[in-house]
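Look for subunit A in each of the two complexes below; its partner is subunit B in the first and subunit C in the second.
== the complex of A and B ==
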């Protein structure tokens, strides 16, 4: 295993995640003269946002599934240039499961990773500093039938389309809430899928209340309007202030029941209608990946990693950028990544960073954080979504724990938080470690979603866990 | 009707063959297990441990572990992450994926 600390005086930054934030950070830090190792779980750079068709599919027009393609080309060119020059090492298919502090003070970090999708092998990378750009994942709230094959997360439908050029059916309903739904529906429609309905629980009036904050980003609003116009051309039905009540089918999805929401956020009785479909792409917003930061002891603000103006966490030597510090989209991730990369490089070289050097990025960051806060207040799941979770609805998909079992743990056994619910019912104890059911369990238990403490960011084979750190002692 | 492959003007090399249980499936180069099965019209390939209910892709990015499948006798592989090679043997998975 290479030890950058011994190989010379050039300090070494490890960036975890090769999406927009990690790429911007890597390029910025390399430009400032530090050595960068970019560690990512995918086979290609880009993250979820710039996920592209597998090379074997030889897509000549990958940009057909993307916007901001020029931005991607600039990022990719920058990365390639620094990789060729030997300033950036890009480790693909490295699934980081833990970042470990190597003792106080200033002995740096060890980044532990599993190799490839099978995750049989292991790798360790030493770092003087780490920059967490681990992105986010989708939140999906449960409803009866949501485990049926054919029901996929909105981001999942998009990932399969962007990465493998494949869809799961011919007729889709796209549902939930959030800015992701429009591009997902538009992408599926462009790929030949009939969009039977786009079902958004947000109230259009809420957009009007936030019109000042939204109008401050005319480009973003135009982007949304463009998606809506394209969808209408595909004759898709847009149902605002509606929600999915149930997904129907036995072996796979056959239809969904859609209903209108009343002013209080409850399903309006009698408004239910059945929409035949073989695909339901559903999502209720995004959550930051914070496991690595949490294990390092970084302070979290709600569900996101806390950072200062330089994108530093409160743990010395650890920076964070992009969705992990709060959901805000790719443009915000680029700005934050750039700032984090500049700051980390300057401090690793023992100099005080000059915020003037990233003033433009800081302005973009301020604007886009305000914009995403406005979006957050507009896009919301139905206030009374838990009423749709019947007692026989599976809530924890891994352990097959029902809404009824969770309610019993709360009402009759006195569980007042997700951890106690987990101990009593096994909800959140399965393969995904509660990432899928966490928001639902918290909602049913009547508490705020708090990031659950996971010592490891992904399941780790016991043999690899037992050998971790051995390289230190050799 | 336009297909995703046409949309991105994909010109993949020749398809190869894998098996799903006892049937043969044609796979385009570069596709994962999940993508190949979707392309073949298959949306579920696992039954759950408790209720024996069918499952397939949910998150599509390796987070949810719903799409677990047995590939070349190794159970509990995430179909959405594992790329296929010619001759691979995919088996639908029941319960834990282990013989118990």
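== the complex of A and C ==
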């Protein structure tokens, strides 16, 4: 699998995604002597986790917002060193819209990207192997009022914090479910935002049931406890086993109604209360980005890319690491990225990789996968969340499709899965291609969320599509 | 096994063809049950486009069926128009060279004799019809009878109006037959349904259903990709495609080569479709195929260069070796009717097919001669 376009015989690995997984993979692969091109849509390396304040903001202590700043500095130094040495090329603002598997005789791959913030130019990179480290995206379930200005996703709030340093003096409610809510609330509080409530639908008793798996991760539990303690110091109210019922406001968000959940996961009548706020950060967990893998023909397990012990997908020459293979936090992404980088480099050089070389990372991976499986069983949206979606709640924001329209398609027109709901209502046909409303549509249709096929990971101008593959590869 | 169901007719397949059959049979006074293993429009009907074309058909039985179907679609439009996004927008077939234009006009001449309205359009008139077409095209033929619907909505609304009982999530596992060989109904994974007539509207899987009844019907998949753009204000008014005859005079019948059909939709996106390949049921994305669609569309409409493709999807057209559907009774199995194998025209041809089937079911003389569509016409051939 050598690149016919290069004179040297050094094999070429393209890593897509410069988050923790992609960075760890690039550094590991470069250390093993393969040529690496690291491609990311963002302007700087870091991914979701190491998103840093824009340099122009001259944040005095960005590390205050990051508890793993040292790891980041080590990775970043490693990357810089290999870039200077010419072993790694880092392409920023490259939005990959498709990875093409070239046929015989040359095999290999072509990575097709759109350039710049407007995504108008085109670039192609040829590779002997690709490593997908595209991370995940947030899942947000709808409720009445969720489209009001002032309602943001938990990740959106976090990005505001890390990227642009949010303005203080606001009153926020953080709601939904999942391990991200605590760090988001703590971060907002630290930036001077008053946290009126943290509303988590999970049942604290469920943590007790999972205590063994959780206790196996003392560091992680302590991290959570630390967040909670810091939050309480800011006098935030923690409401476990509660949910958002509605967001209120005319022009923008003014208040939310929260309510307690009963044992069956339904809103307990009479428990509703109104909490004034101007910001609502809401999130219901994360989902893996699988578009590029799916189009390459890689097998998916449920919502995630399937990989073996070496982080190989079932398509020869394609590795995957980090949250594209399952949501598990940055430390798991780092471990998987390291293993994937080592394996890919060895195999590209025609040698059988030695798993002993990554034994430590493999142990971390095993531990953290067990931990995140335990978290998954604890953090869950309310079982009956769809009851909160009124018929006039907009579910698909791009196409403005309501809960009522989706229910009608299922009950009266014979739709039975997200694809037929989409065909009969247009839910999921808009700009985001159902990334936002997919889980909600599946829930309202009463079926499992299956990743929908998106051959283009980004919308691509037809002129660029018409000439894809014709570029000169110097 | 749950309770036993009975009716006059069981339709297998909740695609466009099955839905139309349910509507026409129901309106002929029959009690219909429609079964599908998946949801409504979950098969090829939900994976294609909704062009109702006469323009692309040469004179012959398929064109006759298309003309009948077009009239019936026009009637249904009175009733369902908005709900199924019916638009009688007409088609424009563009020639890219003077020779091509001459050949296109000869083709149109033959169609006119069969009852097609085909109006010649000279160079400048073309830009009145379609202002954003590439400059310098010699001319075109305008087909006002071409129309379109949104297939999934059409199937769902026709089905709802049919009054048929709908059983989704029921897989037909056998065709029940009496000792004399006549159809008694179907067996599903959730129980038996008894009826003296069974309609095979299983589309690309129609061959498998025929096999359950012990007969051969060689329906095969033909893959097609469609490209969908971001929503735009209306800039493409008709269904537009380029036609050129292969200049290969060696063959006696010139094959019509078409570039992708470019059409605006009620909802705003432009659809560009569709490719044709025989690759079995291969769902792998093919960039070269989709690239060819994009190239064909941007050649016709240069403004599309900067318009973004949002997605691409694929489906498997049900085709029979002679490219005609199987429509009518199966002489080999009394009570078995076929309505499948419509290839790339099953949406357009659904109404005529269903009308003819309903006539046959109620012992009326069908409006068209069904001989060319006989389901047993392949019996002698090797598989």
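As a convention for this text, the second predicted complex is superposed on the first by the 460 of 474 C-alpha atoms of A that agree within 3 Å, B and C clash if a C-alpha of one lies under 4 Å from a C-alpha of the other, contacts with A are read in each partner's own complex, and residues count from 1 in each chain.
One rule holds in what follows: a residue touches a chain if its C-beta (ideal position, glycine included) is under 8 Å from a C-beta of that chain, and two chains touch if they have at least 3 such contacts.
Quantities reported herein were computed from a predicted structural model and do not represent experimental measurements.
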Which superposed partner A:466 touches (first subunit B, second subunit C, both, neither): second
Subunit B versus subunit C as contact partner of A:155, first or second or both or neither: first
Contacts of A:138 with subunit B and subunit C, given as first, second, both or neither: first
Contacts of A:431 with subunit B and subunit C, given as first, second, both or neither: both
Which of subunit B and subunit C A:295 touches, first, second, both or neither: second
Subunit A positions touched by subunit B in one structure and by subunit C in the second: 430-431
Interface residues, subunit C side, partner subunit A - complex: 14, 38-42, 46, 152-153, 156-157, 159-160, 166, 168-169, 227-231, 267, 269, 272, 284-285, 287-288, 290-291, 294-295, 297-298, 304-313
Contact set on subunit A toward subunit B in their complex: 41, 48, 53-62, 64-65, 117-118, 137-138, 147-153, 155-161, 163-169, 190-192, 251-252, 394, 397-400, 430-432, 435-436
Parts of subunit B lying in touch with subunit A, wherever the complex brings them together: 1-13, 28-32, 34-35, 38-39, 43-44, 48-51, 53-66, 68, 74, 77-78, 80-83
Of all residues in subunit A, those that touch subunit C in their complex: 98, 100, 120, 295, 297, 409, 412-417, 419-420, 423-424, 426, 429-431, 433, 453-456, 459-463, 465-469
